[in-house]
Amino acid sequence: MSLLSLSNVTVRYGRLTAVRGVSFTMAEGEVLFVTGPNGAGKSSLLRAVAGVVAPAGGRIDLADHDITGRSPETIARLGLSMVPEGREVFGSLSVEENLLVGTGMHAGTRGWRARCETDLAAVYATFPILKDRRRSQAGLLSGGQQQMLVIGRALMTNPRLMAIDEPSLGLAPNIIDQVYDRLTELRRHRALALLIVEQSSTRAMMVGGRMMLMRGGEILLDGDARALGQSEAMQSAYFGYGEH
Amino acid sequence: MRQIRTFGLAVAAAALATAPALADDIVVGFATAASGFMEAYDKPAQDAAMIRIQEINEAGGLLGRQIRVVTADTKSDRAEGARAGLTVVDAGADLVVVSCDYDFGSPAALVAESAGKVSIFLCAESIKAGIQGVGPHSFSASVLAAVQGATMAEWAYHKRGARTFYRLLDTWTEYNKGICDGFDWMLPRLEGATLIGSDTFVNDDVSIAAQITRIKALPQAPDAIMLCTMMPGAVSAIKQLRDAGITAPILNGSGVDGSYWLSAVPDLSNFFVPVQGSIYGDDPNPEVTAFNAKYREMTGSDPSTQYVYPGYVMIDVWARAVERAGTTEAAAVVAELEKMRDEPTLFGPRTFTSELHHQNRARYLIVETDQGQPRVIDEWTISEPIPVSALLR
Amino acid sequence: MPGLLQILLDALSLGSLYALGALGIALIFGVMRLVNFAHGDVIAFCIFALLWPSVDVVPIVFAGQLPWFLLIPFVLAVGAGLSVLAELAVFRRFRHANPATMMIASFALGFVIRYFLLMLFSSRPKSVQILPGLSQPVELLGARIPLLQVVTILVTIAVLLALVAVLRRTRFGLEMRAAAENFTMARMLGVRANRVIMGAFAMSGALAGAIALILGSQTGTADIMMGSSIMLMAFIATVIGGLGSLFGAVLAGFLLGGVSVAMQFALPLEARPFRDAFVYGAVILVLLWRPQGLLSGRAAKERV
Amino acid sequence: MLRRGSVVRRTIATPIILSALILALAIFTVWSGSRPFNQTVIDVLLRVMLVVGLYIFIGNSGVLSFGHIGFTCLGAYAAAWLTMPPMMKGMMLPGLPGWLIATKLPYWVAAPIAATFAAVFAWLFGLVLMRLSGIAASIATFAMLAMINKIYSNWSSVTGATSSVVGIPIVRDLWPYVIAAILCIVIAWAHAISRAGLKLRAARDEPVAAQASGIDIPRERLVAFVVSGWVTGLAGALFAHSLGVVTPDTFYLAMTFMALSMLVVGGMSSLSGAVLGVLVLSLLIQLLRGLERGVDMGGVALKIPNGLQEIALGVIMIAILMFRPSGMMGNRELVWPRARRRRAADAAPRSSTNTQPTGVHR
């Protein structure tokens, strides 16, 4: 059974249609890059999956639950962890508090506190810099550190699927490398599926996995990242050659 | 119980209203608040007016005609007040009774004025509730606020030997300022009396701690504090003064009359209020006590403050003027009213002149509250009337 | 010149009331961007809950007869209960509405509460004797000051400490701070929106109850308009403190109390009636100087 | 570039329909011949002016103002100063300058002057306040209202302080109010389609884009503030003449919230919403007040207890807002039925700004 499945999902803002009848599925542990130019509807797609906007049509299933139009917290509790664009750390909270916000959904279950501690230790092991700065205000971290923090924060919820919107936006190339190194490392250690939105396909080609290209709210191409990235079709679809 | 009685009164009023609606009935129109926050102030005075109307009707009416009552609710709203005024005027009112407060009563009074009808404020205590603010056909049944302040100053000076005064004014309403204006007018006339301090606050101030601190910082405590304020802030101010350990005598206007709030300031002492009649059952005039009983019988509860009484006085003096004029025609009734000089009423004498349709001098009973028990201890009339020019400032 | 200590106490006790009010508004604003104009009417409702409905001038004291250790929780619970009820019945349905609509809805709700009280109790103020033990002066550093002033300040400090403890030491507090800063993000991390909002309403309502108790014992009066002037000042304090910043709201509340008391002392008699005009003028200046409020720079954001 | 003529043609229907509504109400009132009803309608027309005045600023700028009733106060007192008998002014308001005490103008001359007086203050305040936006601007406007109120409540030699100012000539004729209300509607419409109005609405919907394209937002807001100050000031002047008496506390929180509620219930960013909000809520209030007085329904006396009117009004307002969070009209305008389809297409993109994708789901 697939982890995430979308069928014919449409997202509208007023009269503007951002996503037009998109369908796809994702398996457990799969890495899926969604790429495409500005305004392709990538972020809207992610927001619909996370429950931030209710789709105007279609159906979304996560781990065998219909989550169409459900609230973000319900969806999060079903195993989706979202890392939105622009990082969105809780600037006034400390680094450690940021990490703990998402653990509440398991509160009260057996061995919850102990697991919190282990998870925290794991995140600190993955991102040692966060441990050094655990007491400082999250708003004072650098962009790269904040990106690590939000990924760590998402991990703390023990997700089955992590959705990341433009992780490389506004970061220096060497920091982006670091972020992706950590992401691949994580995927290897946990059975974690990744749904990553990036504007360019370069990262996808480097990391590997599956890639979809969106444009004008629709999926134009879907296939292996490396194979697709080098294809002629990719180039023309991305820039819209030959359509007019 | 109270509701049943109130209902009874309402039925009585309705019976009055629906009694054979003869064309020659005399019509009294009440453009007063039957709902909203003014209702608590209009209703008691209106009930007292109804008592007088009922007495007159039972005694055969006025000029041999029955008095019929029409009412219109002002909803405690000014614009709605004008509408209520028009409603009762169009219903043929010969006398238009308007809301207790000048601000809320004047729109209806102005309607009556332009229709050439006599209007009377139930208990307004501003000089504007009359010729100066509405016009030559308008009267007030109560006494000017300034007289209250002047009375308390003169009384405290003569009877309590007060020489040093402190003045604490709540700038919230004209009524409050009126009390202090009368006090200010009287003080220079009292030889050797000095004002050792003065301060202001506003009725809805959350706390008057700063004002209290200033009083306590005085080198010597004043012989009396003139407190010019009204409900609801008055209780708060009095309580804060006493809680802060200030025990000096407090002089007030009539607005704080009543025992209903005394539980808020347990064992209040050294507290003085001027009243037109006593609600405490100890009025020197036994007829007032009899009236209180009647009021209780009609409404189910004792008068809560002295502001019940002007309603009765109002119908009383107007009816006498109508009797004397032999007509309800406004000009003739006004002329008769203006002839009244110290006209005795149940609640003190009344004087109306062509210059002033209000009392700038009046007999006041002085109520002292001691250990939380209010009682009449004295009676005082200021030595000279406050001149109209001083009232207009 | 009155003693400096006394002036300081006056300023602190007035500021305490404003600060408690501002907190009640800021808590709700933080989680749902609602400026709750019904807050003042909740304060009034709390005090009237001690009386039995009657339009007679003499109040029929009902719950007001409880001993203090029951009376205080009762009033706080009434405030919390009414606020939560308001959230369930009204505000929950306005989550998608724009702030102006929510504000007018809250005003309409306050209007309903006020006229409900008016219908049950009439507009005449009722006297209530709450915690009469507080109505006496005490000796402090050579000055005789009302005990209530001291208690007000101590209660405010205690409430603030308790609030800090709840917000910093409990999971609920963590979720609430996260939600106040970025509501959507908090939800995407599984924070239950309705629970947090209801908690904020309950806390805000309990604060209204605390104000009602202090005001009630200070004034000895229950009046249907009694919450409105605090509400206005609290509203202003919330904005100049920096909307969403709880610490800023408290600070601005104390500041407003301080400015108000200072003006009462500093202004000459003729200018004193214009005190509030000066205070509001100062508010405009502060807003021009810091439109985002005193404490709202991103880094300087509150950490209560 | 916009062509003025086409804009006028496309939007002229709105003021015409709204004026027709007002006229119909007036004709019905005159036909009914009831003076109390006449007074009620005068009150409704004054509210129309007030709320339309609020719309000019709030609707076009998107900034909620709590301060406009301050201008109503300024207008009302200015009208009182200009129209009272000199003798009364000399007695009651001795602090006024001599020339003003000696002046006595007919109300229809005084009213526009009073409105201009209010507009001048709107300009002065606006110079400072229009730099703010969002909730800071709202609070600053409220502080302005409170300042005006406190000053007018205490400056006894000029305003009579809390004491009512009386002696203002009373105008009970309906037509001046009808003309003024229609004038206000036309002014609101003319401002909305003027360059300033269009720029301001663009800034409201797309602040970043507007700023980038060189729109001076504080300046456009100031224009709207002054125009709306004039209209609310005019409403104040006529309010004074409708009752013949003014006090500062008339023009404070109660009136502010009443007017704001009517605007929001009608639809904050629609001129038609402003007018309909007043008409619908006023009708509702009158119906409820009628019920309070008691209505005979086929032999059965139907009467609600006194005081229930306000409670019912509050509940109904909440209900309207629950089902129509953007008010009855949203941001649409009344247009000819034929043209509606085309207009809807024009207006629609704007409505997208009202949806909040980040809002909370239940």
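The first chain written gets the first letter, and so on, giving A, B, C and D; residue counts start at 1 in each chain.
Please note the rule applied: contacts are C-beta pairs under 8 Å (C-beta built on N, C-alpha and C of every residue); 3 or more make two chains touch, one makes a residue touch a chain.
Computed from a predicted structure; not experimentally measured.
K.L.:
In how few steps can one go from chain A to chain B if every step must land on a touching chain?
P.N.:
The least step count works out to 2.
K.L.:
Among all other chains, pick the one whose mean CA position is farthest from the mean CA position of chain A.
P.N.:
Measuring from the centre of chain A, the most distant chain centre belongs to B.
K.L.:
Nearest chain to the global Cα centroid?
P.N.:
C
K.L.:
Quick one: chain C and chain D, Cα centre-to-centre, how many Å?
P.N.:
Distance between chain centres, rounded to whole Å: 31 Å.
K.L.:
Calculate how many whole Å lie between the centre of chain A and the centre of chain C, each centre taken as the average of the chain's C-alpha atoms.
P.N.:
Their C-alpha centroids are separated by 41 Å.
K.L.:
With chain centres defined as C-alpha means, what is the inter-centre distance between chain A and chain D in Å?
P.N.:
49
K.L.:
With chain centres taken as the means of their Cα atoms, state the distance from chain B to chain D in Å.
P.N.:
37
K.L.:
For chain B, which residues are shared contacts with two or more other chains?
P.N.:
36, 39, 171 - these are the residues of chain B that touch more than one other chain.
K.L.:
Mind pulling the chain A residues that touch 2 or more other chains?
P.N.:
51-52, 71-72, in rising order.
K.L.:
Taking each residue of chain C in turn, which ones touch at least two of the other chains?
P.N.:
118, 184, 187, 193, 228, 273, 276, in rising order.
K.L.:
Which bits of chain B are touching chain C when the two form their complex?
P.N.:
2, 36-41, 171, 198-200, 202, 204-207, 209-211, 213-214, 216-217, 231-232, 235-236, 239-240, 242-245, 258, 260-266, 301, 304-305
K.L.:
Touching chain C in the complex: which residues of chain D?
P.N.:
For this pair, the touching residues of chain D are 64, 128-129, 131-136, 139-140, 142-144, 146-147, 150-151, 153-154, 253, 257, 260-261, 264-265, 268, 305-308, 310-311, 313-315, 317-318, 321-322, 325-327, 354-356, 358-362.
K.L.:
Quick one: in the complex, what on chain C touches chain D?
P.N.:
Spelled out, the residues of chain C in touch with chain D are 32, 35, 90, 92-101, 103-105, 107-109, 111-112, 115-116, 118-119, 183-184, 187, 193-194, 228, 232, 235-236, 239-240, 243, 273-274, 276-277, 280-281, 283-284, 287-288, 291-293.
K.L.:
Which residues of chain B touch chain D in their complex?
P.N.:
34-36, 39, 72-73, 75, 78-84, 86-87, 89-90, 102-103, 106-107, 110, 114, 126, 128, 132-134, 171-174, 177, 392-393
K.L.:
Which positions of chain C touch chain A when the two form their complex?
P.N.:
For chain C paired with chain A, touching residues are 171, 174-175, 177-178, 181-182, 184-193, 298-299, 301-303.
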